[in-house]
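Both complexes shown next keep subunit A, but they swap its partner, so subunit B is in the first and subunit C is in the second.
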Partner chain A sequence: MHDLLPVIAAGIVSGSAYALLALGIVIIFRSTDTVNFAIGDMATLGVYIAVTAIGFGVPVAGGLLIAIVVAGGTGVLTERFLIRPLGAGHKSLFIALVVTIGLGLVIHAALGAIWGHRPTTIPAIIPGTASVFGVALTWNKIVATGIALAAMALVAWFFRFTPMGVAMRASAEDHFAARIVGINPGRIAAIAWFLGCGLAAIAAFFLAMDTSVNANLTLAALFRAFAGVFLGGLTSMPGAAIGGFAIGILDNLAGRYLSANYRDTIVFAVIVAVLFVRPSGFLGAGRKERV
Partner chain B sequence: MKHLQYGLAALVLTANLAMAPARADGPGVTADTITLGSWSALTGPFAVYGVPGVAGQTAFYGKLNAEGGINGRKIRVITEDHAYNPQQAVAAARKLVNRDKVLAIQGAYGTGPSAAAFPYLQQEGAPFVMPYAGALDWYEPPRPLIVGAQTLLDYQARAVGRWAGKDGHKNVAVVHAAVAAYEKVASNVGPGVKSAIPDATVTMVPVKLGTTDYAPIALELAGKTPDAVVFIGTMQELVALAKELKQQKVKTSLYTYGGNVANDLITLGGEAVEGLRSVSLTLPVNSDAPAVAAYREALAKFAPNEKPDYGSLLTYALAMVTAEAIRNAGEPLTRESLMTGFNTLKDFDTGIIGKVTVTPERHLGTTEVIPVEIKGGQWATAGTFVDALSNW
Partner chain C sequence: MSALLAARGIGHRYQGVLALNDIELDVPKGTFMAILGPNGAGKSTLAQILAGAIRPAKGQILLEGADVTARAGRQGLIRNGVALIPEGRRLFGQLTVDENLMLGAYGQPRAVREARLEKVYALMPEAVRQGKHRAAVTLSGGEQQMLVVGRALMAEPRAILIDEPSLGLAPILTAKVYDLLSGLRRGGVTVVVFEQLATHALRHADSIVVINQGEISFRGGVDDEATHEALRTGYLGH
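Here is the complex of A and B:
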C-alpha cells in the first residue's frame, strides 16, 4: 500500500471524466425526466467535428469550444424534435429512453460511415507530465480535472444563484407549478440538454486527447459514469459528480490492489452494497408517492 | 436401311459430343469469370481491421484483373458485412454459397464469426481458404476444406516470448486481456521465453478486456520491475499501457505480437511505443521489396481510400496465394481441383509473408514470422523470416 496516494490521485483524474458525464446525465434527467443514453455519442460527434476543424487550422482550445457547441446543439435539437413531442407521463419516459438508445446507435454508425473506423489523435493542450503524490500525470489529465472541477463549480453557481438556474430547479421539482408561475419549460429543457451534452463533450474531448478519437470513445467512461450517477443519486447533481470521482478512485484501487481483471466487478459490487443500504444513492432524494 | 440408321445414330452422337461442354467447371466459374465470396467487419468496432483487410484483396484482384486475370478469367469477389457477429457470418455464408454460387470463401475476416459458418460450409462442400483469421483447431487436425497462411497467434506469442528470452530478459511480465482467446494465446509466451532462458520468471498479468485506464497496471508493473513486458491484447490498450509505462518511468522493454503491428500504433502511441518489438506476419509496408512496392501501387489504384498498412498488406499476400492455387488447379476449375491446387503449393513465395507450403497433412501454409521494431517512428525489420515454432 506504499503507493496508495498515487493510486488515489490517478483515480481522481480518471474520475473527472466520469463525473462530468454523470453530471450531464443528471442535469438532463432532472429537467426532462429523460435518461439520455445517447449523451456519449453526441459528445463523440462533437469531438469528431472539432477534430475536423482542428485539421483546418483551428487551435485545440477552439476545438474544445466547437465540441461543446456541437454536442450541446445536438442535445437541444434532440430534445426539441425527438423528446418533447413524446409528451409527459410514465409511458413517454420509457419511449424517450428507447429513442435515446436508438439515436446513439444512429450517431455511432454515422461516425464510422463519415469519418471511417481508424482512430486518430488530438494534440495535447499542454504536453508533458507532472508528479502528483508520486504519480506522474499528464498535464492533459490535470487540466481536464481542473476544467471538470471548474465546470462543476460553475454549474453549481448557475443553479443556485442565477434566476435561470433557480427556474430550472423549480421546473425539476414540479413542471406544472413552474408553468403556473411563468417559467417556460421548453426553454428550461433546451438549456438543460445543452448544458448536459456540453459537459459530456468536455469529458469526451479530454478522453480523446489521452487515448484516441474513435467511435467508441465514451463507451467505457459512460458505463462508469452511470455507475457514478446511481452511486451519488440520480436526482442529485453534487451526488453525481462525487459519484463519478468515487468510481474513478474505486476503480483504480481495485485495479491496483485487488485485480486488474475484476476491477469492474469489484466496483459494481461496492455500488450494489451501497444501493442496498441507500437505494437512492448517497445524496439522491428518496421518491415518495401518495397512493 | 440399317446402315442409314447406324449412320444417323453416329451423327447424333458426334453432334452431342461436339455440343457438350468441354469441361465441367465448379460453382462460380464461367468462361470469363471466377466468383469468390468473402466476409468481413465493414461496420462496428472491428471495422478498423475489416475494412483494410477487404482493401488488400481488392487491390490484389484489381491488379490481377488488369493484367488479364487467370487463364483469361477475371476474378470477382463478393464481400458481405458481418459486423463481427457470428450469426451475420452464417447468413453471409448462406447467401454467398446458396444464392451467389461462389467457388470458395476467400480472405474472410474474423475468427469467431468465421468458425460459426463452418458447419454450413462443410455441409455444402464450400472451401474456406486463406482467411484473415485463424485458430489452432482449424488446422490441427487438418480439415479438408480449410486452408490458410496466417501464422497463428499462439505461434506468434511463442516467437515473441523467445525473442524476449534471447534478448536476455529473465523476468518477464505478460500483460494480457483476460478473456479465453487472449489467455490461450498469452500462455504461449512463457514457453517461448523459457526456450531461450529455462530459469526465467514469467508472470501473467490479466487485465480486463477494454481497459482504458492503465495507471494502476503501470503502477503494479513499476513494483514488479520486470525486464520485459509482453502485451497480448488490442492495439488501443497497448497504446494506453505504453503511455502509462513511459509516464510512470518504468524502465522495461515492451514486446507484442502481429495483431498490433500497424501504423496506427505509431500514430497513437508516438514516443511511448518507440523501441517496441514485435513479430510480424509481413514485411514492413514501407519495404523496398518489389512485391511490397507493387502492393502500394495497386492499393493506390484500386483501393485509394486506404493508406498502406499491415492488414491490407497481409490480405493482399493471402489473395496472391489463392490466385496461385487457382493457377495450380488447372482445368476444369472445381472446388475439388481448387483444393488440389492449394495442396500442391510448395515454398510459394509472395515476397511479403513467409513461404507457403501446403500438403494434405498440413493446411496451415506457413508458421513463419519476421521480427520488427519501431525505430525513428517507423516499423523496421530486425531480422529475416523465422519459423515461429523453431528455436530460431
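Here is the complex of A and C:
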C-alpha cells in the first residue's frame, strides 16, 4: 500500500480534466436539456485558435483565456442559432442531440482542413517537474490541476452565492416557475453554454499542453468524462466533478494494480456495476416524487 | 372603477381541443375576484394567459387599457406588476426558503431585495421564518403555499393571480392563506383566485365569475341577489 498515495495523486491529476469536461456537460444539460456532444470539438477549436495566437506572441496564459472565450462563444452561438430554434419538447431534444453530434463532426473536419493534420505543441507555463507524494509530476500537470480545482471552486461559488447562479439552479429545477418570476431563459441558456464550453476549453488546453495539439485531443478524455457524468448522476454538478475524479483515480488504480492493458475495461466494468446498483448515479436526482 | 387587467375575446386551444372561447373579463383595480369552475373548465389556462405566461391563440390582454398581448409567452407580466402563483405552487424545492423568496425579486438591486425580504418574512408563519436556510421542499403544504405567496410578494406586484390556493390544504390552512390574500387586498393589491371550491373564495371575494367548458357562464357581485340565487340552486358547484 506504500505506493497508493502517488497513484491517487496521479488519478486526481488526470481526473481534473475529466471533471472539468463532465461539469461542462452537466451545466449545459441542466440549463437546456441538451447533451452537447460537440463540447470536446468546441474546446479543441478554442485551443487551435489559442495556439495560433501564441504563435503571434501572445503569452501562454493569455492563450488559455483565448481558448476559453472562443469555446464559450462557440457554445453561445450554437445554443442561440442551432439549439434554441428547435423549440421545446421531447422530439426537439432528440434532434438537438443529433445536431450537436453533427456540429462536432463539422468542427473536427474543419480543424484538419484549416490547420492541417500535423500535431503541434504548446510550450509549458512552468517547465520541469516536481515531486508530489513521492511521485514526479510535471509542473504542467500541477498547474493544470490547480487551475482546474480553482475553476471548479469558482463555479461552485457562482452557483451558490450569486443571484444569477441561484437563478440558474432555479431554472434547472423548474423552467416554467423560473420564467414566471422573471428569469430570462435565453440569458440562462447563454451563460450555461459559455460556462460549460469554457470549462471544457480549460481541460482541452491542458491536455494539449501535456500531449500535443491535434484534432482528437479530447476524444479519450471526453469518453471518460461522460462516464463520470453518468457515475455522478446526469443532473448533479458536484456529482459530475466527483465522478470525473473518481474515473481518474479508478483508471490509475486499475493500471497500477491490475492490468495496464485492460484499464478501460476495468474502469467501465466498475461503472456498470455502480449504475446497476444506483441507476441514477451517486448524486443523481433519482425518481422525483411530488406530494 | 377602472380595470387593472382585462381580457378581450380570448380564445385558446390545446392541440385542437378548445380550452377557452371568447372570454371577456374586466378585473377592477384593488378588488378581490374569484374565478370559479370545475376541473378542466379552463381556469388555469385563463390564469396563465392573464398573467402573460402563455400567449393566447386569439384575443388581447389589456393592462390598464394598454395591449400587452405581445409581451406574453416569455417572462410574463411580472415586470409590469402582475404576479402569477400557478397550480401546484411550483416552488423551487431544492432551493432554500431564502433563495426562493429572493428569486421573487429577481433583477432588483440587492438592497431592494433585502428590504423586501424583511417585509415578506413578517407576513410568513413562524416555521417559514425559522427555516430560512432549509430546502423549500421540507416545508409542510400550508407553509409552502404561504411561501409561494411570499415569493410573489417579493415582486411588490399590483395584482396577484393565484391558481387553486386551497388544493391539498386542510381548511384551517386554506383560511390562513385567504386571510393573507384579504390583507393584501386591503393594502391595495388586486387579487384574483381561481378555484374549484367556492367556500373560502365566497367568504373573501368582492365578485364572482364562473367558467364552464371554456366560457363564462355567470358573473356577479358576492352580495348580489343573482349570486345568492345561483348559490341556492347549486349553480356554483358549492
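Assorted remarks:
By definition in this document, the second predicted complex is superposed on the first by the 284 of 291 C-alpha atoms of A that agree within 3 Å, B and C clash if a C-alpha of one lies under 4 Å from a C-alpha of the other, contacts with A are read in each partner's own complex, and residues count from 1 in each chain.
In this text, a residue touches a chain if its C-beta (ideal position, glycine included) is under 8 Å from a C-beta of that chain, and two chains touch if they have at least 3 such contacts.
Quick caveat, the model's predicted, so the values are computed rather than measured.
When both complexes are overlaid on subunit A, subunit B and subunit C end up sitting side by side without clashing. With chain A as the common frame, subunit A serves as the apex of an angle whose CA-centre rays point to subunit B and subunit C; its value is 150 degrees, to a multiple of 10. Of the two partner chains, subunit C is the only one that A:182 touches; subunit B does not reach it. Shared-chain residue A:52: touches no atom of subunit B or subunit C. Taking subunit A as the reference chain, the count of touched residues is higher for B when subunit B and subunit C are set side by side.
By the touch criterion stated above, A:221 is placed in contact with subunit B alone, subunit C being left untouched. When the shared chain is aligned, no partner comes close enough to touch A:280: not subunit B, not subunit C. Within the superposed three-chain model, A:167 lies in touch with subunit C and out of touch with subunit B [touch as defined at top]. Taking every C-alpha of subunit B against every C-alpha of subunit C after the fit on chain A, the minimum distance is 38 Å. The touching residues of subunit C, when paired with subunit A in their complex, are 51, 53, 74-76, 78-79, 83-84, 86, 88, 90-95, 99, 102-104, 106-107, 110, 141, 151, 155.
Remark: subunit A residues 3, 6-7, 10-11, 14, 109, 112, 116-121, 129, 135-138, 207, 210-212, 214-216, 219-221, 251-253, 255-256, 259-264 touch subunit B in the complex. Chain contact summary for the complex, subunit A toward subunit C: residues 163, 166-167, 169-170, 173-174, 176-185, 290-291.
Per the touch definition, subunit B reaches subunit A in the complex via residues 43-45, 47-48, 51, 178, 205-208, 210-213, 215-217, 219-220, 222-223, 236, 239-240, 243, 247-249, 264, 267-268.
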